[in-house]
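After this come two complexes, each holding chain A, first together with chain B and then together with chain C.
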Partner chain A sequence: MSAPQKQEQLRRSVTPWGSYSWGYADVGADIFVALGLVFGAAAGATNVAFLFAGLVYVCVGLAYTELAAAYPVAGGGQYFVMRGLGDLPGFLAGWAVLLDFTIDITLFAWGTVGYLSHLPWLNGLDASGHPILHFWVIFALIAGLALLNVRGVRESSAFNGIVSAFDVVSELSILFFGFLFAFKPELLVHSMQFGWPTSFALMNGISLAIISFVGLESISHAAEETHRPASIVPRTSVALILTILIFALAYSNLALGMLPSHPVPLDASGHAQMFWHFLGTVGNQDKAVAVLASNIPLFGSIAALYVPVLGAVLLLISSNSGVFGSSRIAYSMSQFQLLPSLFERVHKKYKTPMVSILTFCGLAVIELVFAAFQGDKGYEFLGDLYAFGAAASYTLVFVALIALRLRDPLTPRAFKIPGNFKVKYRGEVCEIPLLGIVGFAGIFTILIFVLLTHQIGRIAGPSWLILGFLIYIVYRRKKGLPVFGSVRRDWTADQVKILRDAGELELMDELVQKLKVRGRTPGGAP
Partner chain B sequence: MKAFVQSPGYARWKLVNAVLFVLLGAGIVFRFATSTVALRFEAIPGYALGLALIALGAWRIWPLLRRSAA
Partner chain C sequence: MIVGGLEIDPAGAACAFATVAATVSVLYWMLHPPQSKADIAAKAAESQLRRTMATTIVVFSSEIRSEHMMVLAARLARGSKTELMAVYVIEVPFTLPTQAPMEDEDRVALDTLAAAQQIAKNHGVDVRTEILHHRFTTQAVLELAKRETADLIVIGSFREGGYSGAPLGRTIEAIAASAKCDVLIGVEGKHGTLLGEEFAQAGDDANANPTPNVT
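Moving on to the complex of A and B:
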């Protein structure tokens, strides 16, 4: 039972730059959302929070790179976990990713409005000043994206490429001028000493910092549409991982050691505050990068005009990728009989997965309503849930990475996480990735931090997983499929087909040769 | 866009900005190393930033060097 056989083949036309910019449009937008939230929680240790989460993210990114190059299919984490651990864990990973995609829709639509409200003539859109107008504008954005996706309109990869290129140049300019004109290492150290948070706040900050590194599913999505992904994906992914890490570290260090060009307003109780403290206040959390950029001497007056617009465009693209990604994952899960076939249904005229799109946009609106009821804490509420979904699915991906090294040692890996030790398992020599174990420990720690420090996240996140599990039980029982076991699939034959379709003929030959030596055929029969 | 990223001009541009990344990273490491806070725990994220920039530059230069050596 090979699900991808039913699916129409995607054209493999994504270039290395296309693959990079696809990932960048997804992950690169995260810092626009995360910076203010992390400053609000981790205060003077924000750079440490980003460093901790960033090192974990490097391990996650390398794991995705290895898996996407070895299994270039669009399902991403859900597919890797299902293949490595079985149907139920695969479902839970996919379901956690779905939570992230629906939050992605709302959180980034919220961020879009936040950045636009930094423009002088759009101040009226600010969440704290006009909450009702703010709510309806976000609602309209989500509804608009749902309609566009039902019609089958999606941002083109050329548009992604241009926006990403412009954004990389813009962010480098912000950092270059910021470090050149306004940065003082001594002030950075003073800010860290003066504003060092409690352990609880630091754990909260670290768990929020992981949201600046969410969206690695896009590496897998790009892999399915890239010709010869085994050689292209590692090259572009490593560059993407380093770029995102640099931006997160650079922004947090810059803000902590920056002398702003404008006087910092007094805080709510009338006391003087430091610039980084001002960035983390509720009013600035949803536009922190624009506030930072507009406070750089000389460059700030230009940045104040275009950074809010650029941020809004990038966030809107990311919000759209949430709509597109959730419908694609649900479609893939229903093809693997993890979700009802309802999610496979396509619109008669537009040939798009309308049921999936409307369901997950509907969920995004429900999340928006819940966030709106939180008042000033609405943005943080969405960030909490986003962190939970990411930490839960990334934890499972690490387990799947190690499981696949043991259970599928024959599939050629054009890219391997560095640092491996050999073990013998079922007569085969397998390599266990040390960095995979370190990454698992790191992301599991972050998951614990989320559960410990996020009052709403620790209830809403697990509740989402329990709800999904109940749906899964009902569906699988109704279909007569095992709930805790897995449907039998011929993964070896699937793998040969995947490599052939990807144009990785040398890797396919290598796999077939290994199978022959062991007296097996690609069909799986001995 | 597609034609541009496959042109020799783009390869040269990549080389130039890779060198810039390395220089910027080295500059940040140098700035921290020569400041009064060079050996403090709080300087670690600064060093990490500099090293990440150097790594990104090296990652971009490496294939170009390998190709020209071949």
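Moving on to the complex of A and C:
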């Protein structure tokens, strides 16, 4: 008798806090980047912009939660869309996510340098003061991350967990002491009346506010390594959604109604300005949370020392998740024959997807060069593209959610978006999620806002998708695969295997039972 | 309201506490998911093991090698309320009175129990030790288990390892058969391999001749 073969699988060792911190290390960093940008655009209506984007984000989060719990695989949005809508939409969703990940690398590396420049002894790194030094430091960070990822060094789950815990405590402290010592409700009302923006600026602000909520992909990616994902992932996702929403709304309202401990400097034209206006200026956009924290009475003197460092660490982790995430998505896409198998190649010695890592870090550097040419608007340029990628991929995820409810009603959903109505489709009773439709409308509106208000985003974003589409056509034709159609796959058998591998045996039994009742086998044959 | 020279707005204080309370509640809820069937079964097994190990006796003798099982018992006892006891049984031959001094055997027993104490110390647990002189090891262990109201008897492998009709050794099998509590037997190294081979051989024989001969 021969010895049983050992099968290599991802270890399911991620705990609830581990799963949360994977997402938090990505999404938690967003507020450090977005706060200043949204204040720069939406001014006195920043809290409204965050509220609108936040409500859409709740719907996005619930959609991701349902899908990640039902399909606990590493592909995230790209996988859900491919499964629900077919290969081409799956490719476009994955390609949009790839844009986000490459922007993530540059934007968050930029933010890392911005936060470090808030430290008194690192003022020289400031973008407006020393743009060339600023550029080279970001370049060095991206190159360093690429090298580390090629060597296979990645921040461990334990490190993520510790940094996330420290950051949650730190942000709660900022908000707690900020509200306690510096918040004046009448100032909030005054700021909203005095600083209410034009409709165009508000649309711009809303489209930028969605940046605060990008990164739910990380929890979906972690689902494949999470113990009992169908039970744990919905909890960690919902907790992440709520935590980030609380932080975003609390920060924006606090900043609008905050009486800072230091006098606010005059603006460029020598006029007095409100504190929130000061946060949204070009010089402070990339370090807004640190500026806010250092202006809280009493607590600010301590916060000024550690918040820039904490922000920089969190942003660097997030930048690294861009490197890791892009190579992982490209790997997954090439496995499903959406991208050339080149992206599946691993380094002989380090066993890492070197081609993917270097390709997407190279793209991140190109984006950095483009951003650097924008001068003071470089950070906003990256934010525009980030918002486009997020809105485009989230829009497709909503369509996939509804399509999967119709095309795959048998897969058990451990978590289901509340508020559904029933329809009959191909002989099966399916539930259509009302919140999914609302969320789709919301995110599509944001996508329209991005295209209307971001001069560069409306050209560069669609250009990225067109470029990807051309690559896709050439690759699929060369391989003799359908361009607009899909490769035949046995999704039912795959789903049984996914649930078995995930340890969700009760859900697997439920699915097999449903198939048996309908006279089908898990292999798909009647 | 003025605290430490700072004017605190009641609305600001309410927002401060509400933000912290909301976030902490969300995180608490997240970290306490409902238990699955597997979780409940695992917890029940844990608590059963704790009950099973409340009083544990590790048995040594000139024929029973239990050092590795002492390590296991010490590891299991760490962090729990287990009362651990190591006992060395010296079988007194019928040619001697039961209270006869047996200095050489006592010396070996002292060395063995000192090693057991060191193992326990290395794992941060306390252990009581005792040397018993008795005509039969089996009876000595069973009487001790009764006296101590033991929940678990831990025994290693039979020292000689030869096949004597009782694969684990007659003494060990007799303890396992007659004890009123749980018995954990650890068969190590060559002894275990031999047993495995014997079972495999038995299996092969059964396959080759599925109908047993009856005389």
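Following the convention adopted for this analysis, the second predicted complex is superposed on the first by the 518 of 526 C-alpha atoms of A that agree within 3 Å, B and C clash if a C-alpha of one lies under 4 Å from a C-alpha of the other, contacts with A are read in each partner's own complex, and residues count from 1 in each chain.
Throughout what follows, a contact is a pair of C-beta atoms (placed from the backbone, for glycine too) under 8 Å apart; a residue touches a chain by one contact, two chains touch by 3 or more.
The model shown is predicted, which means the values in this text are computed figures rather than measured ones.
Novice: With the two structures overlaid on chain A, would chain B and chain C clash, or do they fit side by side?
Specialist: Clash - chain B and chain C, as placed by superposing on chain A, overlap.
Novice: When the two structures are overlaid on chain A, which partner does A:239 contact: first (chain B), second (chain C), both, or neither?
Specialist: both
Novice: After superposition on the shared chain, which partner residues are touched by A:176: those of chain B (first), chain C (second), both, or neither?
Specialist: both
Novice: Which partner does A:210 reach: the first (chain B), the second (chain C), both, or neither?
Specialist: After superposition on chain A, A:210 lies in contact with neither partner.
Novice: Considering only touches as defined above, state whether A:323 meets chain B (first), chain C (second), both or neither.
Specialist: Touch partners of A:323: none, neither chain B nor chain C.
Novice: Looking at the overlay, what does A:372 touch: chain B (first), chain C (second), both, or neither?
Specialist: neither
Novice: Scan A:189 for contacts with chain B and chain C and give back first, second, both or neither.
Specialist: first
Novice: For A:17, select first, second, both or neither according to whether it touches chain B, chain C, the two together, or no partner.
Specialist: Touch partners of A:17: chain B and chain C.
Novice: Once chain A of both complexes is superposed, is A:250 in touch with chain B (first), chain C (second), both, or neither?
Specialist: After superposition on chain A, A:250 lies in contact with both partners, chain B and chain C.
Novice: Scan A:355 for contacts with chain B and chain C and give back first, second, both or neither.
Specialist: Neither partner.
Novice: Please pick the stretch of chain C from 24-32, 96-104 or 168-176 that overlaps chain B when the two structures are superposed.
Specialist: 24-32
Novice: Do any residues of chain A touch both chain B and chain C, and if so, which are they?
Specialist: Residues 16-17, 176, 179, 185, 235, 238-239, 242-243, 246, 250, 253, which sit in both footprints.
Novice: Enumerate the contact residues on chain C facing chain A in the complex.
Specialist: Going through chain C, the ones touching chain A are 4, 6, 8-9, 11-13, 15-17, 19-20, 22-23, 26-27, 29-31, 33-34, 36-37.
Novice: Under the touch definition given earlier, write down the residues of chain A that touch chain B in their complex.
Specialist: 15-18, 47-48, 50-51, 54, 158, 161-162, 176, 179, 185-186, 188-189, 192-193, 235, 238-239, 242-243, 245-246, 249-250, 252-253
Novice: Quick one: which bits of chain B touch chain A in the complex? Just the residue numbers, please.
Specialist: Within the complex, chain B touches chain A at residues 1-2, 5-6, 24, 28, 31-32, 35-37, 40, 42-46, 48-49, 52-53, 55-56, 59-60, 63.
Novice: Applying the document's contact rule, which stretches of chain A touch chain C when the two form their complex?
Specialist: It is residues 16-17, 20, 168, 172, 175-185, 228, 231-232, 235-236, 238-239, 242-243, 246-247, 250, 253-254, 257, 297-298, 506 of chain A that touch chain C.
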